[in-house]
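What follows is a pair of complexes built around chain A, which joins chain B in one and chain C in the other.
Presenting the complex of A and B:
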């Protein structure tokens, strides 16, 4: 009973419940929804958001904020594809290595500025977002790169658990989705079971306390923003693999959607709270609901109304829970 | 003591205030842009053009500053301004049956009031969510920004809507005895805001609530009420901005001026507003807005790529940050040595 109540109070359970309810409701409206094709497609199209959300989660747990990750991804994508087109003949692994290097450099710049100048992370990352993005646009003149090396789309096309559907085409779980889940697993383990991961939570709760316990604040912050940059870079390679073209303004502007998914997943913007499982479930709920907009043929004009309502709804649920918990604490004190 | 001349007294007051460095920056930027652009920059034509452009960013920036005084932020201010303009269009369209350009004065007044009330409702919503539910302002306004952007898009279907009555356009585009109307409006607004922030009890309570909410609660300041009023006031600036924007663009659209969000944050940052709340002067804000307008116009005249200007806004924040911190560090060192 006790374990049951504990599970019941968890954010993840609530999300899983919402997901189950929406799946049942949407499936009763649309026959197509529960087909293997549609499910794997939803997962694939939200893989980039899913990967980005892991990096944002890391930053939000530490009490920071990062809106520059889309610009980091955009710049990285352009650099990597440009280098692979003009200077190197490579493969997907070289693309990932190059991307991660570029992402870490830009992420570390964020980290250094945030640690040394003690300004709100949102102001710094708004600044660096504009800087990265603006400089890239000036240098590239906004030119699209159409002919992406073939190994990119081969990567996004690879499937496991493939079956042949009614139309005779292969359908299955995309490798990029597997990459997302593997990354989620790795970061879940890091956050939960390593000292580094625990100190990310500790910094988010109280920097002073973290310092007294002996956490190296500087290195941890540099780690957080460096890794967030690297994750954004990995997401950008997955993005170009799926889209197969480098469009210089296709990623910037998505940051609110990713942050919304992370908040929906139960991370607290004031830091110290959040889990990878919650974030993955948050992205999944998001994916299901926005797919249902398409299946139910609701005009795409409503998309932002929908995202905004989700943000406001989920922060309200969070807030109401916190208020109830606080009342509970007061009651205990009175009883004593 | 000999009587000081007015100018000397003015100089002393300026040097004693925090705005000294901003005034120096203003002069330096002006000299740099004049040298870089020559006659084009100091011409009467260019000054008039700046006087038309400045109020939009000025009003947005002051609205942003007000929300930051309690340690919050109002990301929804631009979406709110666009919604205000769209509501004005919808009401005018409804009242005149599609012939918006021929609307009479009472109809225009009704539409403007409807827009204003919409903004107040948005501000009230933000304020209630922030105070009653205790949600960080950045999350609430991020949510309301996205929601309003969506509502704007649904209401306009993405179209640009033009053909507003001349009387309404006058606010953003007209001139009184050669002086641009929007700058007159801006001046009046500054005087009123100065009164609200620096002379009224609400202003005092607002600064107190920002500096130390707990202490002000114990000094019988109704913090909740103050912050709700603060967000309504911030939304009023969105409403004013919308009036000026309708005149300048001669139209409304779901996503006008979205890039100004960064500039508004940058202006409050440059103007010395503390993002943690409690500190920030209107005079600093006005100076910061003028500096940014000089930079933006100057860079435009130099025919820089607009994306280069975007990059510059980001770079300017970081440069200010580094210079400010380094200066503070050096001054600290010197003081320590003196103490030894």
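Presenting the complex of A and C:
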């Protein structure tokens, strides 16, 4: 097989190709699409999804599943903003530190339950999602927090590479988007070049095989879910910075979109496969398509149809591959 | 030569079941030790204890003179013990390079995993083994034999001093087995000890210096190979001498149950034609890539043929799907039984009746538990599946006993035509004899026709009434009973090599 074929077989190349095609097609319909303003806006509006997707990627590579990350984000957001409104005068860094602590605690709880009960992670995280979210609702009675400290929106408003656009306003790459890309880079390095990161793949391929080469299964699972919790928490701070209000049901419900982006990015639900680059490209493709639906004034329900199709498509590809492998059919050179 | 490892009075129980009792032995450096025993006699358990994956309930292990308390899998690797497990244990979605290097990196407690620096080392090891495998290919895309070699390369990369091979030859063709033996001999010469587990006793006799024989978890005998022979080892394993049942002669007037005419599938096989009588065992033999498995899958509707005719009991039938095949009375026991057809964490009973649930419905379509249990019990006895109750889950059985459960499931169907793909791989000699005895009774009772695909020429010569030899996707020859013998079959198989 030559290099070109090999590259094309990679999900990342395929996605980059699709993104390029979509950009060309959409740009030919709408002049506004390729403007600096629009591009930075698209990126900013998908930053939360992008951050969440890194945590979900980690979990899916390990052969697990996490649907509780939205609840972790929701609860964290509420706690942090509430604390900063009532007990502490802080800044954005303190907000992140508090959030990460809260996210790790809830994530570790997931990890402990998953490791000790040896139950499918999806079952456990459905349970903890309801639990985290339920407790918050009971305590807060679903009350919104309208006012958030000003450093949140200052953070979301900060830009680099800023220029003045034709309306006389500043436009530029949002700092939150930079945060997303930096996190992506860090986790790409961890997953690719550290033993801990590789252990995530090993566990996802086969827990038994991983155990037999000396991977500490318990610590690795705790690491995965703890970090997934922390990433969800970081996402929640970015979210509140952009939205500037804490609405107790504004994040829960986004699980499917995030999982779909990760799967589109080449991660396999059965574990052992996936990359940060693929996930970022998956999110970008989602972002572009969602934006184009708006620009072309197509009902946003089509977007949901699209997400559903992605999940079905990816699962089908996996299933077909597995069926083919199971059959053990080999090519025979039939004598003439 | 000094001892590498000494085991003293090791015992292991699994919830009441004595898997190992009071085992003591030692292995010298550079020695190849064979480990024999019936299915469930404790071979895999013993090596898992050596590897540190399981810990013994009592007893001592000394490695190079130093006494060890439970050391865990990492400890095992660090002290130079590597295992190639029955179920191989590679990481299928990762590259060959990473599979080879990962255990060592973890063992060294490294933080970073930069594979570039290890590439040369890994390549050198593969080179020493004399195999050409692309080090960047993904493991799941390699054939089983190459995967086996990757596992061995990993063991060498770990600087192993003891390499344990748990039934490494079950999935290999005879040529690949030859290569493996060469490698093992090379290892021995460089001072590495080897433990070799196999149900093919002749392999142990050929390869090993000494043999340990386990029976029901106890060590029955430890003998140098030169002081013993194949028959004695078999007798020691089973505890009695074996009787091999011969198949009854086939009734030449018996009606034809399966007639196949010019069956063709692109890139699989071409112009296949044969007939099978009631009560007949038709052997099918051919090298890997001869199209024999693909043909079997076509008859069972998994890999439907492009053209040609299949007739069962004189009526032509379309076999496009598994359902078609099953309703025509065809059953198929696949070669790879571990990944196909077992629900691992379900009880043995449920697994056995899985393909025949209709038989166990009462008039309200509820399942009759009693008769399900009776059916399961019957198979536990006839195939001597080692367990104390059909309620146990399948994953608690030893590898060979799991295979017997799959066999039971299909035999329970009592089909008209039974296709068996390598039915005795990984099964001990006593159970092998048992399987053919039960096939014989089933033939006598309902006139079942059997297609027996096997790599073991001995099995074909012993049990089939006629034999088809396949070559390059075609029927090369159909041998009548009196012409089926090893030399003749080997001669025809070798002809292929020369024409190639």
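As a convention for this text, the second predicted complex is superposed on the first by the 309 of 336 C-alpha atoms of A that agree within 3 Å, B and C clash if a C-alpha of one lies under 4 Å from a C-alpha of the other, contacts with A are read in each partner's own complex, and residues count from 1 in each chain.
We adopt the following convention: a contact is a pair of C-beta atoms (placed from the backbone, for glycine too) under 8 Å apart; a residue touches a chain by one contact, two chains touch by 3 or more.
Only a predicted model underlies this, so the values are computations on that prediction, with no experimental measurement involved.
J.: Quick one: is A:281 in contact with chain B, with chain C, with both, or with neither? Answer first, second, both or neither.
T.: neither
J.: So, A:309: does it touch chain B (first), chain C (second), both, or neither?
T.: A:309: touches chain B, not chain C.
J.: Now for A:200: first (chain B), second (chain C), both, or neither, which partner does it touch?
T.: neither
J.: By residue count, which of the two partners contacts chain A more extensively, chain B or chain C?
T.: Looking at chain B versus chain C, the one contacting more residues of chain A is B.
J.: Per the contact definition in the header, classify A:301: touching chain B only (first), chain C only (second), both, or neither.
T.: So A:301 only meets chain B here.
J.: Determine, under the contact definition given at the top, whether A:184 touches first (chain B), second (chain C), both, or neither.
T.: So A:184 meets neither chain B nor chain C here.
J.: State whether A:209 touches chain B only (first), chain C only (second), both chains, or neither.
T.: Touch partner of A:209: chain C, not chain B.
J.: Does the superposition put A:133 against chain B (first), chain C (second), both, or neither?
T.: A:133 contacts chain B only, not chain C.
J.: Give the list of chain A residues in touch with chain C in this complex.
T.: Result: residues 193-199, 201-202, 204-206, 208-215, 268, 272-273, 325-335 of chain A touch chain C.
J.: Where on chain A is chain B touching in the complex?
T.: Interface residues on the chain A side: 65, 113, 116-117, 119-120, 122-124, 126-135, 137-138, 142, 256, 259-260, 263, 269-270, 299, 301-309, 311-312, 315-316, 318-320, 322-323.
J.: Considering the complex alone, what residue numbers of chain C touch chain A?
T.: Residue list for chain C touching chain A: 51, 53, 72-74, 77, 83, 85, 87, 89-94, 98, 102-103, 105-107, 110-114, 140, 267-270, 288-291, 293-294, 297, 302-303, 335-336, 339-340, 471-474.
J.: Which chain B residues qualify as touching chain A in the complex?
T.: Within the complex, chain B contacts chain A at residues 73, 129, 133-136, 138-140, 142-151, 153-154, 157-158, 262, 265-266, 269, 275-276, 305, 307-315, 317-318, 321-322, 325.
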